[in-house]
Amino acid sequence: MLKRVHFGPSLLPFLLVAPQIAITIVFFIWPASQALYQSLLVEDAFGLKTEFVWFQNYSELFDDELYFDTVYRTAFFSSMVAFLSMSSALLLAGMADRVIKGAKVYRTFLIWPYAVAPVVAGALWMFMFDPTLGIVAYFLHAMGSNWNFRVNGDEAMALVIFAAAWKQISYNFLFFLAGMQAIPKSLIEAAAIDGAGPGRRFWTIIFPLLSPTTFFLLVMNIVYAFFDTFGIIHAVTKGGPAKATEILVYKVYNDGFIGLDLGGSAAQSVVLMTIVIVLTVIQFRYIENKVKY
Amino acid sequence: MIENRPFVTFVSHVVLILGIVIIAFPIWVTFVAASHDAVRMTQVPLPLLPGGHFFENLVSALTKGVGNAREQSVGLMLMNSLIMALMIAVGKIAISLLSAFAIVYFRFPFRMMFFWMIFITLMLPVEVRIIPTFQVVANLGMLNNYWGLSIPLIASATATFMFRQVFLTIPDELLEAARIDGAGPMRFFKDILLPMSRTNIAALFVILFIYGWNQYLWPLLITTDKSMYTIVMGIKSMLEAAEESPEWHLIMMSSLLALLPPVMVVVFMQSLFVKGLTETEK
Amino acid sequence: MAEILLADVYKSYGKTEVIHGVDWHIEDSEFVVIVGPSGCGKSTLLRMIAGLETITNGEISIGGRVVNDLEPAQRDIAMVFQNYALYPHMSVYNNMAYGLKIKGVPKAEIDQRVREAADRLEIGEYLGRSPRQLSGGQRQRVAMGRAIVRKPSVFLFDEPLSNLDAKLRVQMRLEIKKLQERLGITSVYVTHDQVEAMTLGHRLMILNDGYVEQLGTPIEIYENPLTKFVAGFIGSPSMNFIETRLEEDATTVKFSHKTSFRLAGSYPQFKGRNVSIGIRPEHFFFAPDNPEAIPFRAEVVEHLGADTLLHGTVDEGESELIVRFNGISTVTQGETVPVYIDPANIHIFDAQNGKRLEVE
């Protein structure tokens, strides 16, 4: 934590941490505590009068079936995104770990979607699946489907899941590949001498040894799906049609910033904050228990 | 590989190539759309091969703007994005370097408290404090300017932790040797720590540049003035306009321009990118 | 050039005291070695002289100037570290020049001093390289060079040779000795290696657990160890110790139940006390005709070429001993040979406090 050898006491260290701490207080800690405080208030429609109502916003929130719909929707969305992008990344990483020729080239072509902004990713997928013009929608229609994500909620959900998973494959691929390359070759060789073929080696040696990476990625993917997909949803569906793609983060934004229900939105923020805290704690516990190959 | 099984290797290559094709398909479609004219882009089915209007569309987007954001050219939005991304990346690196230096190399009162305050920022993404943060920024008069776009985002626990990790691996004897050579704290920081952390700084810069460039919710909250629009926001407003008058050739050209800089950074600084990604997650 | 004065120097970390009062006057141009087992506080003491550790109590002065509150850079010292502590991102040249640059020495003079030092250490051709590209021995020289260019009045060495292989260590040891003689700069050298200590130091300080066990020249320490610790620490293989009792006649000790031995002097004030007698392996000699010789049964014979080490016992295993004969001995495993020790070479220590017993 601290170096054994360090500089003596002076004003300097305070000056050094000052910018970071100032920003942390002004833009993080203060607003977060404001959110906590506002979640206990009710404000009238004109913002003229505020009333302290204790946990009324929370009890309203937890009595609201629509809110729980959003919670389930978010859970479904996140697990689908995590499953889709992790399984395809695992497959690709497994293959890339096998090939020697061109591994670097493959990697280059697989990692770039990471750099695409969620909104732009949304735009690309929206364009391909646009019900009137989209090239993929054209093929779907040709096959007899009447694809239209603007009116069909399930189709809208599928589209944002695909777009979100697509963007996240790169990240998962890199970590899976790094995890696989960290497994000592001698282990794989020992298994081969024991007579295990490539598929068996993957499921009995490589995959179990990857479990810390898999767990870590699972947490990261959930965080990603919860928070970083806002842009995709905002660009593609705006939470619609009929709230079919409204996830928690979108609802906080929509209720608070558009609907101006400050107290309710703040209570939702606090719930989200709790989720982040739990995920962060899990993530840090993972690091402590990280398996050494 | 362990044993020679040409068939398995062949299958691996096929799967990888298929994966690449599927992953790259959206961008191919984008590129194709950006190379046709407005007329062709209203005829179903849309083309799958590039047309001849790429440069025409490029010039049009860069100088004239698209849809709702017509009054704002894509060129200007790119410039806004670039400025914001650079300010965020440089700002985060600068303040994280300084605070990691203080926390690792100085013993001072409240050191641990500061450390935990920085740690807490990990648990408070913009998404969970949208409105109060907006209020703070509004009160400080930072709406619609570059400061408001960047400063609230430059506190960074991950970057601070990464530099802390890097500094902890630098042998103590180097500090001692520097002290015998007469270097004070800031001189040591500038002459020894900074040069020794330069690959980490570069790796982090790559990650943070992408992070900054791709910011969306934050600029959406605090910019109302179209002259402050970033390219990512611009795309969003073009999509809204597309529902009435689809100008997909220009929207896709703009999307291409929006994704090109960060993608180029990833592709051409691949090893730094991988290093940055894996190290900030430790 | 400068003398170093340590006056009643103490060091504590919190409540734990690690250096318990050191007094030492190091002469100008002297080469002294602080030697002791790991954790004895020798590096701490050196780092206190360097200014890298604070002084809890007492006073250190260099060249007549009290340095307690001076920064390392103001103490006019140079230090060579165990892991060399070369700045990895700087060339060899810049590593050597860095301190001078900070001091504001003119460029031309820096250049001249760096090149001079590099020539002296034969590293002139590596000046443009980075430390990574150098071998261990070359890095060692660069670290020395960095010390020399400062033209300090004191050199401090913190186990500088322990990262080198055996052969290089001997070579660098000689070079350090020659260099110090030529430059005549007061030097303090810390090591756990007794051979380095004995060969390099004009005088040694034997430190154990933060206490000074003995100060003296290498010969004094070898011939007259003041404590059992020093006696056992210096010399290889180490001195044999036999725990026994001083007989009532105050001049004989029992080696075992049947063999006793006469000492050179008489210690009437200690008669009847428990004592440790110490005999160096090299002080035994083969004495077939001496009636006072002890029957020594060799159990393991180690031929080192220049000499032979015999590990064995006296009187059916009552005392275990190591005996060293010059040259290649013909003694075979299991053989019992008569050995004799000159009483003048027997050391006798108080079994309780380990202090050497003095003849009255």
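Every chain is named by a letter (A, B and C) in the order it is written, and numbering of its residues begins at 1.
As a working rule, a residue touches a chain if its C-beta (ideal position, glycine included) is under 8 Å from a C-beta of that chain, and two chains touch if they have at least 3 such contacts.
This one's a predicted model, so the numbers in the text were calculated from it and none came from an experiment.
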Exercise. Listed by label, which chains are in contact with subunit A and with subunit B?
Worked result: none
Problem set entry | Core chain by centroid distance, with centroids computed from Cα atoms only | B
Exercise. What's the chain with its C-alpha centre farthest out from subunit C?
Worked result: A
Seminar exercise, completed: Here the gap between subunit A and subunit B, centre to centre from mean Cα coordinates and rounded to Å, is 16
Problem set entry | Cα-centroid distance, subunit B relative to subunit C, in whole angstrom | 58
Problem set entry | Residues of subunit A touching at least two other chains | 5
Problem set entry | subunit C, residues touching no fewer than two other chains | 52
Exercise. Residues of subunit B that touch two or more other chains: which are they?
Worked result: 176
Exercise. Where on subunit B does subunit A make contact in their complex?
Worked result: 1-3, 5, 8-9, 11-13, 15-16, 19-20, 23-27, 29-30, 33, 41-42, 44-46, 48, 94-96, 98-99, 101-108, 111, 114, 117-118, 120-125, 127-137, 140, 151-152, 154-156, 160, 167-168, 172, 175-176, 185-186, 210, 213-214, 216-217, 220-221, 232-233, 235-236, 239, 246, 248, 251-252, 255, 258-259, 262-263, 265-267, 270, 273-274, 277-278, 281-282
For this session: Show which residues of subunit C lie in contact with subunit B when the two form their complex.
Result: 47, 50-52, 71-74, 77-79, 81-90, 98-99, 102-103, 146
Problem set entry | Residue ranges of subunit B touching subunit C (in the complex, touch as defined) | 171, 173-174, 176-183, 187, 191-192, 195-196, 198
For this session: Spell out the part of subunit A that touches subunit B in their complex, as residue ranges.
Result: 1-7, 9-10, 12-14, 16-17, 19-21, 23-32, 34-35, 38, 88, 91-92, 95-96, 98-100, 102, 106-128, 132-135, 138, 166, 169, 171, 174-175, 178, 188-189, 192, 198, 216, 220, 227, 230-231, 234-235, 249, 252-253, 256-257, 262, 265-266, 269-270, 272-273, 276-277, 280, 287
